[in-house]
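By written order: A, B, C, D and E. Residues from 1 in each chain.
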Amino acid sequence: MNNMKLNLFLLALALLAPTVLYPVFLAKVLCFALFACAFNLLLGFAGLLSFGHAAFLGTGGYVTGYLMINSGLTPEIAIILGTLAGGLLGAIFGKLAVKREGIYFAMVTLALAQLVFFFYLQAPFTNGEDGLQGVPRGALFGLIDLSNNMVMYYFVLTIFVAGYWLINRTVHSPFGQVLKAIRENEDRATSLGYDVNQYKWLAFVISAALAALAGSTKTLVFELASLTDVHWHMSGEVILMTLVGGVGTIFGPLLGAGFIVTMQNYLSGGEMGNYIHIIMGAVFVICVLSFRSGIVGQLMKFKRNNF
Amino acid sequence: TTDGQVKLGILADMGGTYADICGSGCVIAAEMAIEDFGGKVLGKPIEMVSADSQLKPDVASAIARKWVEDEGVDAIGGLVSSAVSGAVSKVNADSKNITLISGSASNTFTTKTCSPYNVHWTYNVVALANGTVKPMVQAGKKKWFFITADYSFGHALEGMASKVINENGGEVLGNVRAPLGTTDFSSYILQAQASGADVVALANAGNDTVNALKAAAEFGLTEQMDVAGLLVFTPNAQAMDPATAGGMRLTSGFYWDMDDETRQWSKRFEQRHGAIPSMIHAGVYSVTMHYLNAVKAAGTDDTDTVMKTMKATKPNDFFARNATLRPDGRMVHDMLYVEIKKKDERKDKNDIYKIIKVIPGDEAYSPMLPQCNFS
Amino acid sequence: MATLFDINLFALFGQLLVGLINGSFYALLSLGLAIIFGLLKIINFAQGAMYMLGAFIALLALKYMGINYWFALILVPLTVGLIGILMERFLIRPIANEDHLYSLLLTFGLALIIQGVFTHAFGSSGLSYPVPEALKGGTKLPFMYLPNYRAWIIIVSVFVCAGTWWMIEKTKLGAYLRAGTENPQLMQAFGINVPLIVTLTFGFGVALAGFAGVMAAPIYSVSPDMGSNILIAVFAIVVIGGMGSIGGAIITGLGMGVVEGLTKYFYPEASNTVIFLVMVIVLLLKPAGLFGKEA
Amino acid sequence: MSSHREKIRINNLHAFYGESHILHGIDMTVNQGELVTLLGRNGSGRSTTLKAIMNMVGERSGQIVINGHETIQMPAHKIAHLGLGFCPEERGIFSSLNVEENLMLPPNVRSDGVSLEEIYDMFPNLYERRTSQGTRLSGGEQQMLALARILRTGANILLLDEITEGLAPVIVQKLGEVLSQLKERGLTILLVEQNFRFAAPIADRHYVMEHGHIVEEVHANELATKTELLNTYLGV
Amino acid sequence: MTQPTQDFILETRNLTKAFKGFTAVDDVNLKIQRGDIHALIGPNGAGKTTVFNLLTKFLQPTSGSILFNGDDITPLKPAAIARKGVIRSFQISAVFPHLSVLENVRIALQRKEGNSFHFWRSERILNRLNDKAMALLESVGLETFANSITVDLSYGRKRALEIATTLALEPELMLLDEPTQGMGHEDVGLVSDLIKKVSQERTILMVEHNLHVVSKLADRITVLQRGAILTEGDYASVSADPRVREAYMGTEADDVNAEATAEAAS
């Protein structure tokens, strides 16, 4: 299939990229891409706009960071626990939020995430705005030292591919099919005997757990977990990434995340630094006015290619 | 990295709350230092990169990492906000590169999280607390109330100031912790009014301080008690209405209009930046100069050698008066106790402080901790 | 010395009044968003920037043209409203039929641009705008000193809020607007120029933000980020009040001011967060907000 | 036929929704005081014809003359003011308004509309539920409301889309009487109707549509002779 | 086919629904015989749709109870009721517009597979349902549209698809709210034949304003007025009731009767 070819091409690209580009930067792109893909699973395929996904990213990060600093666990275990913590938080959020629809859903998630932010701001173990600094990367399975950036990058790539595969699979699974039906016509799905809230809830939990996975990984890459990751700006940023890339497309969030992270990276240094907000703003405006369906949507227009 | 090529990184807040205090101005200050130094060291042109930390530790850490790992940066300066400085200092400690902190208030860089590669210039919370609080308590203002930013620098300021108050026979009657970015302080002002304190201390920064002071004046608090701004930079002081801020005393590491030397540099800076320098701008210039001098003197850009040389040489320029760079990385220098001028005392918009007293460095800063002695 | 009880009770009175003042300010701010977000369903992230713009235009007008506060009260909303009209006409209307999220992306971009330009031009530390002569000073109440300007805020907000509420809920024009946002095509077929109404309404909602900006200028530091700090709280207020309910936004605005005021007294650290706690609770109990109509 | 009696004249009307071409060159006229129906199978383009007249489709071309005014370039909101009243198939009741507000909503286009009392007389359900939220009405009640709403405006050219849909047989009968009365008052009515039994006795003429074309015009007096034909088109 | 012990598949006991200041359903005791096509008719606003909404729990009854096969299902949630075998259609057509016609039916078939929460498996496992889905589409005459996107279908076809989807669940009791509304004559005929056909193995409760359909299909009719039951019986007895004529049928009843006799005679 066409998608398959594209996936393989991208994978090859990802495998070779660190020989040219700075691996930590690439790892950051992958973390955000995973975050955006996880978010898009909810928005693009379940039609649920979460405005609180930073809570999961941050929770993954803080839990993994805390464990790495204090528990002596190996990184893969710390990441798994971080992911589970995010999933658990997602389970609680989801329980409360899926009862509401549309903008109210978005607002409930936002509000819950603000409470979580407050928790991380006040909790003694997070060091307030300083965050958890100096998180050790540790050695994978106690064997492979991750402090080497190249090694770290390939570890992140592995995690990303796994997460990305799972999202893809979820979208194209029997569960994904029901999700699509619910998005199309919720009442009808109910009358066919589907407890729509349970399906939305599961989608929410998967999305939250994967967002937390992204956060856990990011913490290892940067050896830092901070309030930035739980701030509502981060929840907003992932929406922007997804929109810029293209909602409801598999590649969209990936490209969107890559695009925005690269742009931020490029703009934050050098001459443009002073204009970073203005330029970002202009990019968003232009994006909306000229390519509304996102980068991928535009490409798809050329190539009507349903996934 | 020891490659004979000196490369500086300046991390500033380009578009956020502290952009005026250490934004593009910090970059300009460092550029001026490099130019004044002659643009070359160890036979090669000095390179400089700059970036926007967005005040986020993760962004800062990512940039610092890229600089030192990928671009061969030797020292990172600027650094406003303790979270940012902390993140960068951590990266540099691991990769053995120098952190030239000019913008942060926290004193942890030379205490709790001290590292052989930290240099803390300009000021810190200890100096601010000692400088501002001590004279007031000694002058009989015994009862204090704090309006504190609910962030670690706020807590640190409050903690340090409380200590000074207690040591000097004063008393802290109460405090409120206001979230960062609070616009409406009226509720806190009422609480401060009700406390019956002599002094209300503002342990916050930037617009928070300005807004708190505004509300204090509006609700008549300034007529009943003194207000002490614990962390006020010149741009903030300029943003305050002289009618309400006039007479308020504070501590600064620098004032542009102190003497000919400071005026001369400041005029040059103003021409390039469009505004008078804050103490951080001056600090960035001063520390950059000191660093470059040390590289030149050491004849290498090897981190340990340069650090040793820096600490062995006494900094001395328009900014660093009677200064030493201690083995813990703390640059101890004279601080200024100033008063914000009232409207009729001002010649123009830049004429904002009058210097009440020069505080000797040893009085302003606390002694070095043994575990941070990296001599 | 008065008894502790007295002090506390008095202090509490003061806090309540201050909360109410702040609440009337919230009401004024959320009013514009209640129209744009609640009625037109446009997620306008530039609303905070418009508020900031209002304050800045007032300040610049005073500084460079000598236009005083009282004229600014009229002139600034008109100017900001005009900006809003242009914004709706040329930027938002072309995407009116797309998912609402695109208006979020667009207006967020605009907010970044506006805020960035102002930071660039005026710095980030803020400027100060004097309290107009006539409103200087204050009144000594038994339990607190009430600055005249704060009293003025209450009066103005009540007036503006009530007027807007009446216009939207009680007039034919308001009915056209409510119906026009629900089914614009049909309203067109009934002979109503819906796009014009939408444009004007958007302009009006934005003008209200500009108006709030002028009201804020004398008491808060006029700085480029003054709007972005307050934005999501205002969104929350509109939602708690119930989307589409103008009265709901007003009452919630007042209420949240008081709730926040009390939090500032009892647990100040949480004063920024309490509004979201309230939102969670309200939305769990009342799916469409306090005064919203359930579908 | 003299042209001033021509209330609606359509020449070569094409209409599109986005990229799909729905109407392929429609020609028809409706004269004053006439009741004309559009018949056809589901999806033949009858509703689209009405919407095209109201400029509610994506794009349209050709000629539409209403009351002597060329309207193909006219913005949608001006068309109603030529005296047109449109009752859409999906009813379009506003949930943000109550029943009476819904009823009073469309601006009057002429002064001699049906009065509120007459309307409540005609549809007692509406009177009873007048303070309810519009969309809380039952399906049939919403249908009544949608019709009543435009009768009130004084429009003298009515475009009615499936107004008997979901109504109880007694009400349908009553509607038949109402339409006849309106016709007598000189109103012009273009009716889209599935319920041929309802339409047949009151209509003057019928156009039969198929795939976006008008394939047949049948006068009331030809009904008997053309039953066969209608049967093949409509399966009556 | 009917189990001797349980004559009534569905019963309501004193079912009541009051909206703010308005009782839409008032103390209704409905009994539906297993295997019947039972029609619920009545003037607009009589409460028919509301009864449907109560039976499927889209609305919460104010008081009263609902018994399905003798079990009290009043406390169950909508989806649970659907899983018990009570499936409804909506007054306004309900399909999944951007899924293909085949997928629409498959969604319904999928539920019984028990894999609907399996997010780790490929959707290809659903292909084994295709034959069954096609068979269902054939039964409503939509086989040629299997791969069309549903939104493009005409109204009548969407209704037919909806019925096919409902059939896929093999419901014991089907609730049809105005199944022929908005259809052309051809489609009305088609759909009513379809209903007749599928009623062989199940019970059907339908709301319908088209008296031709009612007279042709209904074994038993309940007439609702102002939320309460006015009368009950077969078509002949109900249409003869002057109260029903006055409130609901008007003279149309005569036409229908005439036609029916004509048909019977031919």
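The working rule: a residue touches a chain if its C-beta (ideal position, glycine included) is under 8 Å from a C-beta of that chain, and two chains touch if they have at least 3 such contacts.
Model, not experiment: these values are computed from the prediction.
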Common touching chains of subunit B and subunit A
C
Path length in the contact graph (subunit A to subunit C, fewest steps)
1
Taking each chain's centre as the mean of its Cα atoms, which chain lies farthest from subunit A?
D
By mean C-alpha position, what chain is farthest away from subunit C?
E
If you average the CA atoms of subunit A and of subunit D, how many Å lie between those two points?
52
How many angstrom lie between the CA centroids of subunit A and subunit E, rounded to a whole number?
44
Counting in whole Å, what is the centre-to-centre distance of subunit B and subunit C, each centre being its mean C-alpha position?
36
If you average the CA atoms of subunit C and of subunit E, how far apart do the two points sit, in angstrom?
50
Show the residues in subunit C shared as contacts by 2 or more other chains, in ascending order.
116, 119, 269, 272-273
Note: subunit E residues in touch with at least two other chains are none
Hunt down the residues of subunit A that sit against at least two other chains at once, touch-wise.
274, 276-277
Which chain pairs touch, all of them:
A-B, A-C, A-E, B-C, C-D, D-E
Once bound in the complex, which stretches of subunit D touch subunit E?
40-43, 89, 125, 129, 132, 136-141, 143-144, 162, 165-173, 194, 196-197, 234-236
In their complex, what parts of subunit A are in touch with subunit C?
49, 96, 99-100, 103-104, 107-108, 110-112, 114-115, 117-118, 122, 232, 236, 239-240, 243-244, 247, 274-278, 280-285, 287-289, 292
Quick one: in the complex, what on subunit D touches subunit C?
54-56, 75-81, 86, 88, 92, 94-97, 101, 104-107, 109, 133, 153
In the complex with subunit D, residue positions of subunit C that touch it
175-176, 178-179, 181-183, 185-194, 244, 293, 295
Which of the residues in subunit E end up touching subunit A in this complex?
56, 58, 77-80, 82-83, 87-90, 94-99, 103, 106-108, 110-111, 113, 115-123, 125-126, 165, 169
